[in-house]
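My questions all concern the structure below.
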Amino acid sequence: MIIICNGEEQEVAEGCTLSQLLDLLQLAPDTVVVECDKKIVNRIDYETTVLAEGQNLELIRFVGGG
Amino acid sequence: MLQIADKTFRSRLFGGTGKFASAQVMKAALDASGSEMITVALRRVDLSNPDDDIMANLDREKYWFLPNTSGARDAEEAIRLAHLARAVGNTNWLKLEVTPDPRTLLPDPIETLKATQLLVKDGFIVLPYMNADPILSLRLQDVGAAAVMPLGSPIGTNQGVLTRFQVEIIIEQAKVPVVVDAGLGAPSHAAAAMEMGADAVLVNTAIAVAGDPVRMGRAFAQAVEAGRTAYESGLGVQGKKAAASSPEVGLDFLR
Amino acid sequence: MLQIADKTFRSRLFGGTGKFASAQVMKAALDASGSEMITVALRRVDLSNPDDDIMANLDREKYWFLPNTSGARDAEEAIRLAHLARAVGNTNWLKLEVTPDPRTLLPDPIETLKATQLLVKDGFIVLPYMNADPILSLRLQDVGAAAVMPLGSPIGTNQGVLTRFQVEIIIEQAKVPVVVDAGLGAPSHAAAAMEMGADAVLVNTAIAVAGDPVRMGRAFAQAVEAGRTAYESGLGVQGKKAAASSPEVGLDFLR
Amino acid sequence: MLQIADKTFRSRLFGGTGKFASAQVMKAALDASGSEMITVALRRVDLSNPDDDIMANLDREKYWFLPNTSGARDAEEAIRLAHLARAVGNTNWLKLEVTPDPRTLLPDPIETLKATQLLVKDGFIVLPYMNADPILSLRLQDVGAAAVMPLGSPIGTNQGVLTRFQVEIIIEQAKVPVVVDAGLGAPSHAAAAMEMGADAVLVNTAIAVAGDPVRMGRAFAQAVEAGRTAYESGLGVQGKKAAASSPEVGLDFLR
Amino acid sequence: MLQIADKTFRSRLFGGTGKFASAQVMKAALDASGSEMITVALRRVDLSNPDDDIMANLDREKYWFLPNTSGARDAEEAIRLAHLARAVGNTNWLKLEVTPDPRTLLPDPIETLKATQLLVKDGFIVLPYMNADPILSLRLQDVGAAAVMPLGSPIGTNQGVLTRFQVEIIIEQAKVPVVVDAGLGAPSHAAAAMEMGADAVLVNTAIAVAGDPVRMGRAFAQAVEAGRTAYESGLGVQGKKAAASSPEVGLDFLR
Amino acid sequence: MIIICNGEEQEVAEGCTLSQLLDLLQLAPDTVVVECDKKIVNRIDYETTVLAEGQNLELIRFVGGG
Amino acid sequence: MIIICNGEEQEVAEGCTLSQLLDLLQLAPDTVVVECDKKIVNRIDYETTVLAEGQNLELIRFVGGG
Amino acid sequence: MIIICNGEEQEVAEGCTLSQLLDLLQLAPDTVVVECDKKIVNRIDYETTVLAEGQNLELIRFVGGG
């Protein structure tokens, strides 16, 4: 199925969880924060959060800034 | 020692992490600068480059992270970034930046006060970036800002403290630490801010874009210490009339 | 390392020995400043106080003495003092000061050039104190000055480098070291002079009359190092247009 | 011609009416200044001196009155003064001043924006006195300010335009007239503000406390005209490199 | 009225005649400036253009010619030009310029003093262009200079009076008129020089290269008058502390 | 009876009107504005405004200011 | 014969006087000064000054300057 | 006999040498320079320099200066 990830379409398997997505994207969970349809998801819920068709995810992290 | 909220800092130089040529240069420059508090920004993960992670490069035992809300154009955007920062960084410290106009990157006094008030209520330690406005400074400290960060000159311009008379008043009236931020382009600018009685300065561009960022980081560290020491040691007064440094007596034999 | 004539110096801060509250404070402040070259003046011995002797207080292995001709109002008086300095100090180094007007203590360009020429011929290593006059600087180096010492502002005024544009030209054209002298009242002033590319600075009043001369000596030492390091490391250019220090991309989610 | 709201003014110098030694001197100085718009304050009638009435001394056909809200510490007090001004003066024009801190007399950005918004809705022509804050300036014009009045330096200090870089940005972005107010202490300060592109300046203290207020009023009038003319005529660019004003050719015979 | 040697001038603005786009523009701009004394240079006749003659364009009844020695690199060249000027212009007035370095066009203090001395002996009325050196100024007046012309900033840079503290001392000590020359780029710069107490200013580049030289000439005329009037009328003192321009009493009803 | 006028007690006759008070105080009506117990009184009402015991009047006018 | 005039060779007739040269060059005598072999020639002598082969003349005048 | 020392009269014994004078004044020879009637005396000559009535001596040393 298709979800929107940082503004781009992303193909993921049915029943894919958030932690599986992060694995897929090779992202260490503790270095990012995830907004799912504008709501921040707690890290402890990554395992149990099952993604749904058309959901809008934002994966945010710290970058260099002043 | 500098105290902000419940934390104390030996170094009065805060470092920025933007604009460095590489993570290696950044690490070495921050190290040379002796900074204990460093700012970071929040952006989308670059999915094509998942390993590009600043937290992997910086020891959080060594550096206290101060996430900023750069990019926010109003209080609402800033507050959203604040919550993201808290979630990703497990910290409630925040450098609040609300800059509606990308041409000048100058802060919005109204939205900055509003966001400070709400974020403080929400448990954040807020250090607002602000125009050098003494009245706004009083109001920000009244609503619970942990420190105030008046600008010296626009971000990235390296022009130094063009807001001298306002910053002097802000320092004179402040009950919270005053951190001069933005536009400090040379160690002498940072020293001048500290000599005025600023509690700390934040420097990013001037170190990051220097020919040799590592040595420049060290130079700023020395200048900040020099300026602080001078402030504490009591600077001589400026005058217009010349005053000899050699004795005026004992010269009769010359005439 | 700074080289003047045949001597090299690690420290680019030269110290003055006037106006200190006591010999003890002077020694400690010079020590803290890291100065390797210090100026001294010549005066009649105070016969009622024969032990009052600066040379007894300062280790000449540690400090290179630079006798000055303070008090001289013309070339002739300066030359007489130069010979007395050579006799008492066994040194041919000289800070040439010719200041006809006690109201301003500003140097006389004509007599300074004349005395420099004669003293160089006579074997002296001459460092003339001068107004920040780029053409005079060229002429002094042409007649053999070992360094030039343009003033930042009048002696003892602590006003900093008011002669910025002239000093910048002097530095750009100089073939001998440029030592900014007089009026440097705060570490930020000294750092600014070094950032401009000065080879060294001379500070007396600002350290001697500070609330805590010892800590102030240390502050100037750090500021001079900071300014020199910044100069060597390549300062960023000043601009009027703001430039973000945080990335401008990766914010689409906010809008 | 300068246009504010629906009125046009030939003179770009606005006069203040405070601090004059006598009503006679005030009248003569305003006359010499050529001002067409003058500020007045609101105070309790002095019952022991019922004839002390400024309106008896000033021809309202000749001078457009701009009542100020000096003394107001928040929006509420300012709005109360605004209504009193409208009642006594039969005018809806207002110089809005909200200065909570008598030590600095600096304006409050929050209360000033709030009061501007409410008074504009209530039909007033509002010219807010403001810190030189470019973002605040944009917001004030957005809520309907007829002009903005950024400060040059604190009221009565005669320090000139210490807020140069901010005022330059305010002028560049403004859609309403920019009137530089406060701190202009000499005709050269007023001329400099006009050369930057300010639409007008307001001067009170510098004229009122001058040795000869009448001649000083005339001097400011000339300086404001000079600065405006220069702005319109296109000033030459500043550079660091010297450029001869006499021809460089035709000199071969000298060499 | 300004008096130099035996001549008096109503206008305190001296005009230069270089760099104008055409003789017509020059005439109109000088007319608008109200200048009564104007500088001219000496060059080889352009034989291919024999009618190109400035004297044909300027009424010598209206303008007092002040020939300069621009291009002279030492006293000898300057003296040769002085004699040519006297022969072609039937005048013994001279603006002495000795500028050995074409990179900076800054004056040589030694050669300038030497040439002044010789030319005064030879019957010339000498106005030397000089660095802003207070001691040199005393010496030039001692050898008979009719006025001294310290520079504000390098020729043609439009940077204004960067030599403020030196010019203030020169004015305070001068027994002959002080004419600030070079670098005055805007009417506010000229007004500032006059407010300091200068007796006159010389402006060329800023008028000649303006977008509209004629209006700029007028603007400088007004600014010079404004600055002089302000100087004579007694400027208020500068302070750091704010002082209200509206009364502090009569506000009880607000609280 | 007693009213408060610019913070000070003022003796006025019973039934005294605002315009009579201004006459008494030698104030030209068109150069002042009157607040009566914090409310601005319109000039046209001066004639008909009868003062009452203990009323708090503020008489305000323009003065020199910057 | 040839003289040097402002650095360039100039052909003039034998016996040519300075004032004749100025006519030839269309220069009003009272707007220029003439140096002949480094010596300034007085205007009153223009008529009587006869040029000689190889003489070095400089014709100088006022131009715009600051 | 009387000599002038730094502007003041000083009584010294006949035949007194410069080094004896310095002893008398408690001055270490190597910390001062002596001008005798405007001429600098070399240190090596202190022993042998015998003072004469009315001579004008200047004893100069380094002091603090900038």
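Every chain is named by a letter (A, B, C, D, E, F, G and H) in the order it is written, and numbering of its residues begins at 1.
By our rule, a contact is a pair of C-beta atoms (placed from the backbone, for glycine too) under 8 Å apart; a residue touches a chain by one contact, two chains touch by 3 or more.
All figures in this text were calculated on a predicted structure; none of them were measured in a lab.
Student: If you walk from chain to touching chain, how few steps can bring you from chain C to chain F?
Tutor: Each step joins two touching chains, and the minimum needed here is 2.
Student: Strictly by the touch rule at the top, which chains does chain A share as contacts with chain C?
Tutor: B
Student: Report the chain pair from B-H, D-F or E-G that duplicates the A-C interface, where duplication means over half of the contact pairs agree by residue number.
Tutor: B-H
Student: Suppose each chain is reduced to the average of its Cα coordinates; what separation in Å results between chain B and chain C?
Tutor: Measuring from centre to centre gives 32 Å for this pair.
Student: Using Cα averages as centroids, what's the distance between chain F and chain H in whole Å?
Tutor: That pair's centroid distance is 93 Å.
Student: So what's the Cα centroid distance for chain E and chain F, whole Å?
Tutor: About 62 Å separates the centre of chain E from that of chain F.
Student: Send over the residues of chain E in touch with two or more other chains.
Tutor: Each of 16, 18-19, 41, 43-44, 68, 70, 103-104, 106, 154-155, 159, 165, 204-205, 240, 244-247, 250, 252-253 in chain E touches at least two other chains.
Student: I need the residues of chain G touching at least two other chains; which ones are they?
Tutor: Each of 6-7, 35, 58, 60, 63-66 in chain G touches at least two other chains.
Student: What does chain H use to touch chain B in their complex?
Tutor: So the residues of chain H touching chain B come out as 6-7, 35, 58, 60, 63-66.
Student: Could you pull out which chain A residues touch chain B in their complex?
Tutor: Chain A residues touching chain B: 5-8, 25-28, 31-33, 35, 40, 42, 58-66.
Student: Using the touch definition from the top, list the residues of chain B that touch chain A in their complex.
Tutor: Its residues touching chain A are 16-20, 26, 39-45, 47, 50-51, 53-56, 65, 67-68, 70, 83-85, 87-89, 155, 202, 204-205.
Student: In their shared complex, at which residues does chain C touch chain B?
Tutor: 16, 18-19, 41, 43-44, 46, 68, 70-73, 77, 80-81, 102-106, 154-159, 185-189, 191-192, 195, 204-206, 208-213, 215-216, 218-223, 225-227, 229-230, 232-254
Student: Can you tell me which positions in chain C touch chain A when the two form their complex?
Tutor: For chain C paired with chain A, touching residues are 244-247, 250, 252-253.
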